[in-house]
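Okay, so chain A shows up in both of these, paired with chain B first and chain C after.
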Partner chain A sequence: MEGTGRSSSWALFVGPYGVYLLVFLVLPFANVALLSVYHHSPTKIAVAGFTAANYTRLFELYYATLFLRTVRLSLIVTAVCAILGYPLAYLLARSTSRIVTLGLFLLIVPLMVSTVIRVFGWVVILGSEGLVNQALRLLGAEEGVRLLYTEGAVILGLAQQSMPFMVLPLLAAIERISPSLEEAAQNLGASWSQMFARVIVPLSMPGLVSGSLLVFSVSMSAFITPALMGGRRVRMVGQQIYEEVLTAYDWPGAASLTIVLAVLMLGLVGLTLRTTRRRARLESARP
Partner chain B sequence: MAAPRGRLEVRGLTKRFSPQVTVGPLSFEVQEGEFFSLLGPSGCGKTTTLRCIGGFESLTEGSIALDGRRLHDRPPHKRDVGLVFQNYALFPHLTVFDNIAFGLRLRKVDRADIERRVAQMLELVDLPQVAGRYPAQLSGGQQQRVAIARSLVLEPSLLLFDEPLSNLDFKLRIQMRYELRDLQRRLGTTAVYVTHDQTEALALSDRIAVLSQGRIEQIGPPGEIYERPASAFVADFIGSSNLVAARVGRAGEDGHTAVETEEGLALAIPRIGDAAGTAVTLLLRPERFQMATGHDGEASAVNRFAARVRDVTYLGEDLHLRVLARDRQPLLVAIKNSKGTRAIAPGTTIDLSIDPEDIHVLRR
Partner chain C sequence: MRGGAPRFLWVLAIAVYVLLLAPLVVVIAVSFGATATFDFPPKGLSLRWYQAFFASPMFVRSFFRVSQVIGLWTALVATIAGTLAAIGLVRFRFPGRQAIETFFLSPLLVPHILLGAAVYLYLARLAWPTSSLTLLVGHIAIATPYVIRCVTAGLVGMDPRLEEAAMSLGASRVQAFFRVTLPLLRSSLVTGAVFAFIISFSDINLALFLAGANAPSLPVHIFSQIQFEADPSIAAASALQIVIVGGLILLVQRLFRLRLIV
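Let's look at the complex of A and B:
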């Protein structure tokens, strides 16, 4: 009796979103998976059948480089966000509520602006005729510096876009650390930086992990920012998928890229969660 | 153990949070090996004072010295002062062993030495079997002992306690009180102990400083604070008490001075020099009243009066009576629960007496 009551209310809470996910995520994704083994056709979306060719071509140097670059840039973006976000999150976590509200607002404001608009803002600043190069020319530089369409520009754009996803979970994690732990560490002889490394970082690890996973996922699947700030030189998987569908009209090819990207991300996320869960379970264990 | 050290001198300590909220100036000295308590209600400045000594609050004015060395301009991690927190503040991500070893590792003590000293500390606080556990796996009392061990392992010359027992339940609190006292005596470490619990301060301390609104009301050993409070605040804060307004009468020939409360109860007190008519406050401790049983009349003829019982609070060991002495003067009286007290009920009249020596006079 009790069991059925609980499971039926459980279904009530999870059901609507479960159906939504099934219809709009699982089914389309299954469709993409199916497409990825169909034959390419220049006139139709795909020809039913089975081929591994869409996947084997991914071992070509071009695609291997593409994936490596995507993973590498996403890791760098994650690291940049962690390094810049940690002090910010700590400061906000230890501030009065009024400053926290203001800080959170400023942090989230960029998300309210469309990605396209935000990226064009960067183009205005970094372009060959942009603000930075104009300033350099005023200072007497002979020729402009290439800022746009570099890996640096892509990292800059992605890090800015992902920063809230790093700071918010970190902030939540640090807020839960009692300030008396910081004082205890200092009382035992830890300088401020030793305290930060030995108390704040390990205790906010769950926040760092969720923040990193979010930033990494957002960066891996980013499309507009690398397309506009990286151009042809710094291409990432997202843009490649876009072009294979709309320019090359190769749906099965795009589908195989999508599947590999998804598997790569799920694998990394799963691995991270598994290692951190085991530690968390040990520390919160009760007799 | 090393020779006792840890002489603390606090001179004119002042912490101004705002013009309205100021602690101090406070001055006191704590001797080597002494157990010194800062006692007062919340907001009296006791925790602020402790945090100033620990380095977590900066002084607005004044100085703090430990063994003659200036302490107040050093950062908290360079003070050689142990601090035990109210909420224990154990690191939840570290085992008990790593918690205690935390300070030793920062001091680059070598591994074998760390293991030896941590084991020794766990032995000292009677928890040799929990080294591998995490704080969340320990009871409150065990966590507090680990916190104490974590501070003691560094052999600080001064140990600060910030209401360390207030999160424990009653029985454990009493037990930990004894353990804490034994430990401190055995090691000879100077201790400054902050509490709002007067019985805790009385039970533990060599000397107590009673604080009120950022000022020290009185410093003295527990007996003195209790028996001869310097102000009505101290008298009222320490123990339950009857504070009664009275006027000085004439001096008697038997070495006593007569006083009369505003409610008309005449009492004899040890001779004082004040002129007749001076307004004073009398402190009458509830447990100092005696119940007279009729036939020992002449033995305690002084300060004997009839009192009507208004209500009786049954506390097991004691009975607390609220009475009206001579039908006018309200008093709180504590008497031992015994065979003779069973008949006491609201409305009955009893004979009470109090030794003149047990009446303490506070001047207004």
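Let's look at the complex of A and C:
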């Protein structure tokens, strides 16, 4: 069909979803941007006008702490996923196709099951009457340990949730590295770990970058996991947005938070796209 | 064995799978327990939490009347819209094509909690009350990019000469599309539709905002149950979801290279 269609017939194909996204993605965010400069009123929720107060408020200690905690936890989660995800991605990349099929299945099912169900599993494991505490009691511990509602719990939950986002791009990147490079390095006297550090890691860097950006952005915008595993002690930005919209009815406040987070994410996404594009270009340049 | 990966790598990899699967395994195990507390290993096996699940009008409604129905509608609409978009993007050349493709895949990258809040505030401005319909609207937006990816991959991998051959043998373009292209795209379409269903079926971040108070989807109902009165029928509901999602992934894995989509 290429080139033979009438000049505008592409619009018939691309149009429906394009218009849909304009109406249900672009306009909603435009509305949020508008709301974010409205005045907040406890009785009328939002009053049209212009104020920067919703943004300057974000520099207050409460919000600064919230943002810093969210960024810090997301960075830790990203590091945990990278360290644990690399070995798995490497082994899968060098496995037979049958093992890869099984390995991918076991990665994708946890990714696709609802977040709330995965978190429920963690609550059963880590709760005050949970499995870990039951086991400790069997071993003779007198008092339970508080595992839930700690930063550790939130990190564990978020790492479990976003691990596939790290492993899948890494796997794709490592698969492109020819095993003969590994052999060459080792024949020239490199130990396995030297080879891994000097050959595999540098050559799979685009996968590490896009995996890290994905994991970071998933963690930055997490809501369910910190809400159920962190509670009031380990609040993150996602919870704040949810509560300001649905329980506090501070819509201009929620709007400014949404815009800040969305702009941050868009910047990161731009970076991701740039790295994946470059990767695609490298690949298409191959014979 | 010189040069092989050291054994600790396997230990780490298995540890990652334990981390990934532990919550799911625990949920399934608890759902077959016999006592009212969450015991693992279960003290005796029973199906009582499944009975409790099916006896609870809210659970049954959120599962069968809300999540399942919205999932199927999402799959249908997203497959049609996504297939059209993919054909437009692959088979036509027009200015801004690359930008439109990025735009179409952007719902994969916008955090769903932000999209949910944004659509909620937008609907509030339009004075459009939330309901299952508004949830469907949100789910179509986030599920369609998965269909676009599947169908794009299918179209790119297809030899355009097959269509040209059909047309040179006298088929019109529409006939060639329906008799040649569409049947060849079958596995891409099924995979896209299944993913669209799963995305809708598992979503909670949009549903929290858009589902409407009277018709929570299954994940939303589970969320409120965990917060207020955790009883193991949550585990039964969750186990059912895990089995459905796992079965669907198993199905599409036979049809398609999953890595092109996720």
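Throughout what follows, the second predicted complex is superposed on the first by the 243 of 287 C-alpha atoms of A that agree within 3 Å, B and C clash if a C-alpha of one lies under 4 Å from a C-alpha of the other, contacts with A are read in each partner's own complex, and residues count from 1 in each chain.
The rule is short, and it goes like this: contacts are C-beta pairs under 8 Å (C-beta built on N, C-alpha and C of every residue); 3 or more make two chains touch, one makes a residue touch a chain.
Since we're looking at a predicted model, the values are computed, not measured.
Once the two complexes are laid over each other on the shared chain, residue contacts for A:Ser178 go to chain B alone; chain C is not touched. By the touch criterion defined above, A:Val260 lies against neither chain B nor chain C after alignment on the C-alpha atoms of chain A. Touch criterion met: A:Gly189 reaches chain B, while chain C stays clear of it. Residue contacts after overlaying the shared chain place A:Val199 against chain B, while chain C stays out of touching range.
Of the two partner chains placed by superposition, only chain C is touched by A:Phe24; chain B is not. Within the superposed three-chain model, A:Ala82 lies out of touch with both chain B and chain C [touch as defined at top]. For chain A, the partner touching the most residues, choosing from chain B and chain C, is C.
Of the two partner chains, neither chain B nor chain C is touched by A:Leu136. Within chain A, the residues touching chain B in one complex and chain C in the other are 183, 186. If you check the complex, the residues on chain B that touch chain A are 54-56, 75-79, 81-83, 85, 87, 89-93, 102-103, 106-107, 134, 136-137, 150-151, 154. Looking at the complex, you find that chain A touches chain C at residues 1-3, 5, 9-14, 16-18, 20-21, 24-25, 27-29, 31-32, 35, 84-85, 87-88, 90-92, 94, 101, 104-125, 127, 129-131, 134, 156, 159-160, 163-164, 167-168, 171-172, 182-183, 186, 192-193, 217-218, 220-224, 228, 238, 241-242, 245-246, 251, 254-255, 258, 261-262, 265, 269, 272-273. Within the complex, the chain C residues that touch chain A are 2-6, 9-10, 12-13, 15-17, 19-27, 30, 37-40, 81-82, 84-85, 87-89, 91-94, 100, 102-104, 106-107, 109-115, 117-122, 124-125, 137-138, 140-141, 144, 148, 160, 163, 173, 198, 201-205, 208-209, 218-219, 222-223, 226-227, 230, 234-235, 238, 241-242, 245-246, 249-250, 253, 258-259, 262. On the chain A side of its complex with chain B, the touching residues are 178, 180-181, 183-191, 194, 198-199, 202-203, 282-287.
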